[in-house]
Each structure stands twice: as C-alpha cells, then as structure tokens.
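What follows is a pair of complexes built around chain A, which joins chain B in one and chain C in the other.
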Partner chain A sequence: MTTALSATGLGKQYGRRWALADCTVDVPEGRVVGLVGPNGAGKTTLLNLAVGMVRPTTGTIEVLGHAPSDRAEQLGRVGFVAQDTPAYSGLSIADHLHLGRWLNPRWDDDLAKRRIDQLGLDPSQRAGKLSGGQRAQLALTMAIAKRPELLVLDEPVASLDPLARREFLQLLMEAIAEDNLSIILSSHLVGDLERVCDYLIVLASSRVQVAGDVEELLSTHRRLIGPRRDPRSLPTDQQVIEEDHTDVQSTFVVRCDGPIHDPAWTVEQLNLEDLVLAYMGRARHGEDANHQRLSVLG
Partner chain B sequence: MIHLVWRQFRVQALTTLALLAVVAVVLAITGPQLVHLYDTNVKPCRAQGDCSLVTKVFLSHYRLLQDLGSVVVVLPGLIGLFWGAPLVARELETGTYKLVWMQSTTRKRWLAVKLAVIGFASVALTGLLTLMVTWWSSPIDRVNEAPFAVFDQRGIVPLAYALFAFALGMTSGLLFRRTIPAMVVTLVGFAGIRVAITSWVRPYLFAPLHFTSALLLPQGNETSNPSPAALLRPGAWTLSDQTVNGTGRVIGQEGAISSGGGHMGVGFNYTGVGRATLQGVGPCPNKFPPQSAPVAVFERAAQACANKFNLREVLTYQPASRYWALQWCEAGIFVALALVLVGVSFWLLRRRFA
Partner chain C sequence: MIHFHLDSRSGVPPYQQIVHQVRHAIQLGLLKEGQQLPTVKEASGHLAINPNTVLKAYKELEHAGLAASRPGIGTFVTKSLSDASIAAQGPLRHDLERWLVKARRAGLDNESIEALFQETFRSFSAEGVA
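And now, the complex of A and B:
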C-alpha cells in the first residue's frame, strides 16, 4: 500500500536551528490527518517539505510514493493551501480560476465555478478586496479544483473568526466527501481539528511526539488517578506520558493497549485535547530536562 | 504559463506602449520638419563653406525633443527597476509564489517564461525607442558629426543595456526577496557597471591610435590653440590630448603647458629682460621682447621657443571607422553579463527554493 506521506529521519535546519528533527512518520492514504502542535513546533516546515517548497537537510520524505519535487506531474497530485493563503491582489477571482485552468491539466473548471458560486463570491471581485475567510476559500477552491490526490492545508483556519472557521471546515468536508482524497491539515488548536480528522500527528519541540489513528489513540490512552505511587512501579506495558503528584495522590496519563486491572486506580477516558496536551507537556519536559529520547510512535 | 505572465504584465505593457505611441506621433510630426530645415538651410551652406552660424540656429530647434536621447540612456535603468526587480521579488514578498509554485507547472518554467516574455518586452521597447530617436535625430547627428558623443543612445548598445538591467533586476529580486532592496541594488549596480565600462573598458576595447603634431600656441584672438583634432577625420573619438616635450614627458593638456598660467596664459614667465622660462621645460634659448611689446611679437617668440624645445601635441583617439565594431563589442559584453545573471538566477532558484 502506498502511503500519503512517509518520512524517515527527516530534518530541516535553518541556520543553526533545527525547525524539524528526526521525524519518522507514515501516514496512510485516504485519511484526514490533523497535524497539531504549538506555534513554532515545525508544522509549517513539515508541510513545506511535503509539498516540495523546501528541501530536507537530513532524511527522506515521500509523498504518494514519490519524492516531493519540482516535476509537473508530482505537483499536479498535491494541492497546497499555504498558511497566509496568498492570492494575487491585483487579479480577480475569475483570473485566479483562469490561472488554475491554464496551469493544471486536470483542472475541474465546473467544480471551481460552482464553489465560488456557492460561496456567494463575485468572480469579478479582486482578490485584494477579499476578507481573510474569503481568500482562504479561494485558495482552497484552487487547491481542490486541480484534483489532487493529497490536499495539504497549513493552518487554514488560523486567521478566521470562529464562525468562518466552522464554515471553512464544513465546506472542506463537503468538498472532499465524494473523492478518495487524503488531507493533511495543521493547527495549533486541537479543537479546530477534532471534528474533521481521523488521524493525528502531534508535533512539538521540532519532533513528532505521537502519530496514529484518532480512535486508536483515544482507546489506548487513559488517565489513572490513585494513591501516590512511583511511576517505576507501574506495569511495563503502561507507558507514562504525563505524571502529576500531590502528597497523597498520583495522576498519570498512560498509553496501554490492554485493560487496566489494578483496582487502586480510578480510570478516566481522555478526550483528544487532553491527549494532545499530555504529549505537548511531555515534550516541554523533555526539552527542559533534555534527558529522554522521545520515541516516535507510528 | 504565458497567459498568467501576460495577465500580470499587461497593464504595464499597455501603459508603456501608449506612452511610446505618443512619443512616436510627436516624432513623426516633427521629424520631417527637421529634415526640411536641414535640406533648406544646412545643406546649401555646407556646399559653400563655413556654416557655424547656420548649424547653431539649426541645432536650436526642438531642444526639448533632442533630450529624448537621454531617455534612451535612462530607459534601460527604469526597465531594470520597475520590470526586473519586482518580477520575482514581489511574488516572494507577497507569498504568491506559494500559490503559483503549487500549480502543475515547474518553477524553472515559471521563471523561464517570465524571463522570456518580460525580457523580450524590455529589449523590444528599448529597440523601438532607439530606432525612433535615431531616425528623428539623423539630421542633427549629420550636423554634429560626433557619433561617439551619442554612442550609448544609438545603434545596438541600448538593447544590450536593457537586457542587462532587466536581468540584474530579476536576479537581485531573487537574491534579496524584497522589492525595494532589489531596486536599490539594480539602480546602483546598473549605473556603476555602465559608468565603469564607459570609462575604463570602451576606450580600450581596441588599442587607441595616436596622432602627433608640433605644438601650435594660440594666435591672435583665439582663446585656445588651433586644435589638431580638426586634422583627424570627422567623427573620431578623442580620448586624450596631451602636450609632450622633446623627451616625451607629458607637460600639459589640451594644447596648453603645465597649468597654463603665466604670461598670456600659456605657461611663459619672464625671468629678466629678454629672457623667459617655459614652466616645466626650462629657460627659452631665444630672446623675448619686453612685456610692453605688441602681442603678436610675444606670440612669435613664444612659438619659436616651443619649436626649439620640440614640443608636440599627441592625440589619442578611436577613429570613426571603429564605431560599429565598438558597438558590437560593448553590446556583446552586456549580453554576456546578462546571460551570466540569468544563469545565476536559475541557480538561486534551484538552490534556495527547492
């Protein structure tokens, strides 16, 4: 099976700073992948590497089975909406659609026009006069109408107000409902992605903290609350992600494939946000103490 | 791709074409009048002899339009500034490169098409303006007989300048990724290279020729000496005009001796009765008249002294016959520089953005 995105030991260095380090991850095709992490975690770098905007310093990356490249064929298979959803401010919406038609052999002009129509946008409107949300919609329309196999969206809703945010994601889901399209979208807020993605990658401190199917992640992570206890005394199949101790009580977030039998624990389910926060917290700890090599989970 | 490049460029292109059309109309109306003036005034007088007054009157016509020559000089720089520099820099600055690079067209092609379309437009525009100005100015050029004075406004060099300025603008845009710094670098770089090549390369592309004659000091009412430049074939480009003594040492410029001070302004100083010294050369062997003597007597003595010392005037020049060879050589240099810049810009694109 080909993967939508497959990276091995991927790293990108800007000057002396590693924007992304030692990233190994496999994303299956046909998923809606949420890439979550705090600002500056390396999300944009990973996505730019995936679409071939930048070249890796170390490691390899494959997108849809091929190295991201400047080849026209590979470019046609990947749609990208950059973080600031750039558009030519002097050109009209219609001009942008023409541009798409001229430059993309698989361009679906009907789809593009229909979407602009649905959005209630005037095709003769200049892109410079559009609101942030409208410009994001234009960029998304262009990315979808080129009929890519993988759609990459970098913080598509970051600049939108909550209502426009919901609308954007809803329209995104509608637009892709019929196609067997893989999507990777990033956000620093997990709440944005919770409703739409079925696969999650948590990126923090330039490294992948965890990656996997959302359902599976939720079913294998739990919060244990009980009397104070040394984490080293936990069973070996329970991997501690986060721990918190008071004088008498310990709280752990653990990853564990099997059920928890110990009756001393009160076991709680985690929601996606808790899970992401636990991993981000661990990354910050790891960074502070710099003691632990963080494993990348597929 | 060509559609998009044209769509982005068409407003500028059409505006420029409209301006050019206005210039063309003005020149088309006034040009024939200028030819008529030449045919009726200058031509008959030339057949007779001295025409200095007639040509002076002739050259006073259409003063403003004669300045179009300087537009030909400035235009390549403007092209570099306003077409070259923003071409890539604007896209990098506003982020639109991320939009266009993610269409199913390679970056190399994107750059190549931009380069070809706007580069061609730059050369074509400059070529058209040069052609119009050359045609319009031909009667004036015939009167002036100084093709080297308008070397960079005529022929093929303006086209090469335009290509170079455009390539410089584009490359600095790619290098600095900001429009304003790219414009500054283009302006400074273009002006600097043009001045450098004009003053240090163009005169020596071919080994200059020399013309040596005995030094003639000014006589009668003339303010400067009768220049031997008049002895050269018309249209030559004089690079230097030096006065040398018997041993070949340079003792002055433009037919004068040293600073040109002293009595009568040609470098003689009285050192006693009947004796004078030539600055930088030595005491004159011949007798000098008293200072109260008529000017003509003094001049004769001074000339005799100059002859005794075997003073000569050496002209270093490029003959008019080399005009086109120099045009092709200089154009070749600028085209070569432009090609190097194009190579650099593709290399930058590959290296920094791949």
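And now, the complex of A and C:
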C-alpha cells in the first residue's frame, strides 16, 4: 500500500537548532490528517519537507511513494497552501485561474470557476482587495482545481474569523467528499480540526509525540482518578502520559489497549483536546527536566 | 429532507448524533420510507465535518435497517413509523405528562426525574432482552 506521507528518522537543522528531529511516521492514503502542536513545534518544517521546499538534514521522506522533488510530475500530485494563504495581490481572480490553467497539466477549470461563483466572488477583482477569508478561499480553490492527490495546508484557518473558518472547512470537506484525496492540515488549535480530521499527529518540541487514527487514539486513552498512588505501581500495559498528584489524590492519563479493571479508579473518556494537551504537557515536562539536568551540569 | 446539527459540547461522537437525529425524525414521522437523506457531500459540507463521519452514520443506519444506499444516487429511508404507532403516541404522551405532574408534586426535580426514568427504562429493557 502506498502511503500519503512516510518519514523515517527525518530531521531538519537550521544553524544549531533542530526544527524537526527523529520524525518517523506513516500516514495512510485517503485520510484527513491533523498536524497539531504549539507554535514553533516544527509543523511548518515538516510540511515544507513534504512538499519539497526544504531538504532534510537527516533521514528520508516519501510523499505518495516518491521523494519530494521539483519534477513537474510530482509537483502536480501535491497541492500546497502555505501559511497566511498567499495570493498575487496585483492579479485579479481571473488572472489567478488563468495562471493555474497554464501551470497545471490536470487543472480543472470548470471546478475553479464554479467555486469562485459559489463563493460570490467577482472574477475581475484583484486579490489584494480580498478579505482574509476570501483570499484563503481563493488559495484553496487554486489548490483543489489542480486536482492533487495530496493537499497540504499550513495553518489554513489560523488568521480567519469564525465564520470564514467555518466556510473554509465546509468547502474543504465538500472537496474531499467529491474527490477522496488525502489531506494534511496543521493548526495550533485542535478545536479547529476536531470534526474534520480522522488521523492525528501531535508535534511538540521538534518531535512527534503521538500519531494515529483518531478513533483508535480516543478509545485507547483514558483518565484515571483515584486515591494517591505511585505511577510505578500501575500495570505495565498502562503507559502514563500525564500525571498529577495532590496529597490524597492521583490523576493519570494513560494509554492502554485493554479495559481498566481496578475498581479504585474513576475512569473517564478523553476528548481530542484533552489528549493533545496531555501529550504537549508531557513534551514540555521532558524539556524542563532536560533543562534542569543541563543547568546542574553547568 | 432534514438538516443535521451537531452539539460539540455534548460529548456524543458526531456520527452517533447523526444516527440519533435520523432515528428521532423517523420516530416523529418527519422522515418517511422512500425519502432521501442529505447526500454525504451535502451533510459534510453543511456541518464542516469529515465525510467519513457521515458515511459511518449512514452505514450504521443501514445496518439497523432504517436506510439503504443506492450507489451514485444517495441514501434513502427504508422504514416509516406505522400509522398505528403514530396513533398510539398521543395517548401515551398524555399518560406520561400525567406521570410527570405526579413526579413534580412528589418533589422530584428535573434531574431526578430523568435519572429515575432512565434507570427504570434500562432495567425494563434489560428484562425484555432476557
């Protein structure tokens, strides 16, 4: 089976700083992948590596079974909307579509025109005069009309107001229902992606914290609340992601495939946001611990 | 045709909310046999949710014998509420309202009423299965 994106030991270094380190993921085709993490976690770096805009320092990456490259054939298979949904401000919407038609062998002009019409946009209007939401819709229309097999969107809704955000996601979901393409979209807010993505990658501190099918992740993670307890006394199949203790009570977020039998626990389901926060929290604690070790050494 | 809506704070997975809304519409007689449900594209566009979520809901409805998909056309309701059961709903609702008045007089608040109903219903259904 080909994967939409497959990375092994992937890393990218800028100067002394690793923007992304030791990233190994396999994303199946036909999924809507949410790439979530705080600002500066390495999301943009991973996406830029996927579309071939930057080259890896270590490791390998394949997109739709091939190394990202600037060959026309591979470029045609991948659509990319960069952060802040750029457009050529001096060109009209019609000019953009014209450009798309000339640059993309699989360009679907009917689809592009239909979408612009649906959005109620005037084709003669210059992109520089569009609102943020309209420009985002234009960028998405361009990316969809080139008929890619994989669509990569970097923080597409971050700068949009709630209504524009909803309209953008509506257009995106209609496109998937029609075309069954793979999508990777990043956001620092999981709430934006909760209803749209069915696969999740949490990136924090330049590393992949967890990746997997959303339903599977939700069914294997639980919050346990009960009397204070040493995490080392938990069964070995319960991997502790997050822990919090008072003098009498312990709260754990654990990953565990089987049911929780211990009657001492109150067991709660997690939602996607809880899950992401637990992994982000763990990544931050890991950083703090490293930092403390270093300062002790120094 | 009905429109779906999602309550993001309910904690109920979106696909279950869709299943529930179709069942509810059938039970209330809003949807009848042969009527079409929103297409997957319409529903996922309208709600801005993953099309697979809608597909999953429709598969569950098919599995329950409430809907059937015709490839390339859409998904259609295959079951109506029988006229007899529509007719029975009025008097039953009346009985229930009388019971609710009694419960309120006995000092039960909304939460207690709901809890009592659900608990009784659960044990009643369990006996029915056994």
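Note that in this section the second predicted complex is superposed on the first by the 290 of 298 C-alpha atoms of A that agree within 3 Å, B and C clash if a C-alpha of one lies under 4 Å from a C-alpha of the other, contacts with A are read in each partner's own complex, and residues count from 1 in each chain.
Convention: a contact is a pair of C-beta atoms (placed from the backbone, for glycine too) under 8 Å apart; a residue touches a chain by one contact, two chains touch by 3 or more.
In this text the structure is predicted, and so the values were computed from the model without any measurement.
Legend: residue contacts after superposition of the two complexes on their common chain; A:R71 is shown touching chain B, with no touch to chain C. Touch criterion not met for A:E273: it reaches neither chain B nor chain C.
In the overlay built on the shared chain, the residue A:L103 is in contact with chain B alone; chain C does not reach it.
Contact with chain B, but none with chain C, is seen for A:F80 once the two complexes are overlaid on the shared chain.
Contacts of A:S89 after superposition on the shared chain: chain B is touched, whereas chain C is not.
Once the two structures are superposed, chain B and chain C can be ranked by residues of chain A touched, with B on top.
Of the two partner chains placed by the overlay, only chain C lies in contact with A:E174; chain B stays clear of it. Touch criterion met: A:C197 reaches chain C, while chain B stays clear of it. When the two complexes are laid over each other on chain A, chain A has no residue in contact with both chain B and chain C.
In the complex of the two chains, the chain A residues touching chain B come out as 51-55, 70-73, 75-76, 78-80, 82, 84, 86-91, 95, 98-100, 102-106, 139, 142-143, 146. Chain contact summary for the complex, chain C toward chain A: residues 6, 8, 11, 14, 40-41, 44-53.
Residues 32, 166, 169-174, 176-178, 194-198, 269, 271 of chain A touch chain C in their complex. Residues of chain B touching chain A in their complex: 1, 3-4, 7-8, 94-109, 353-354.
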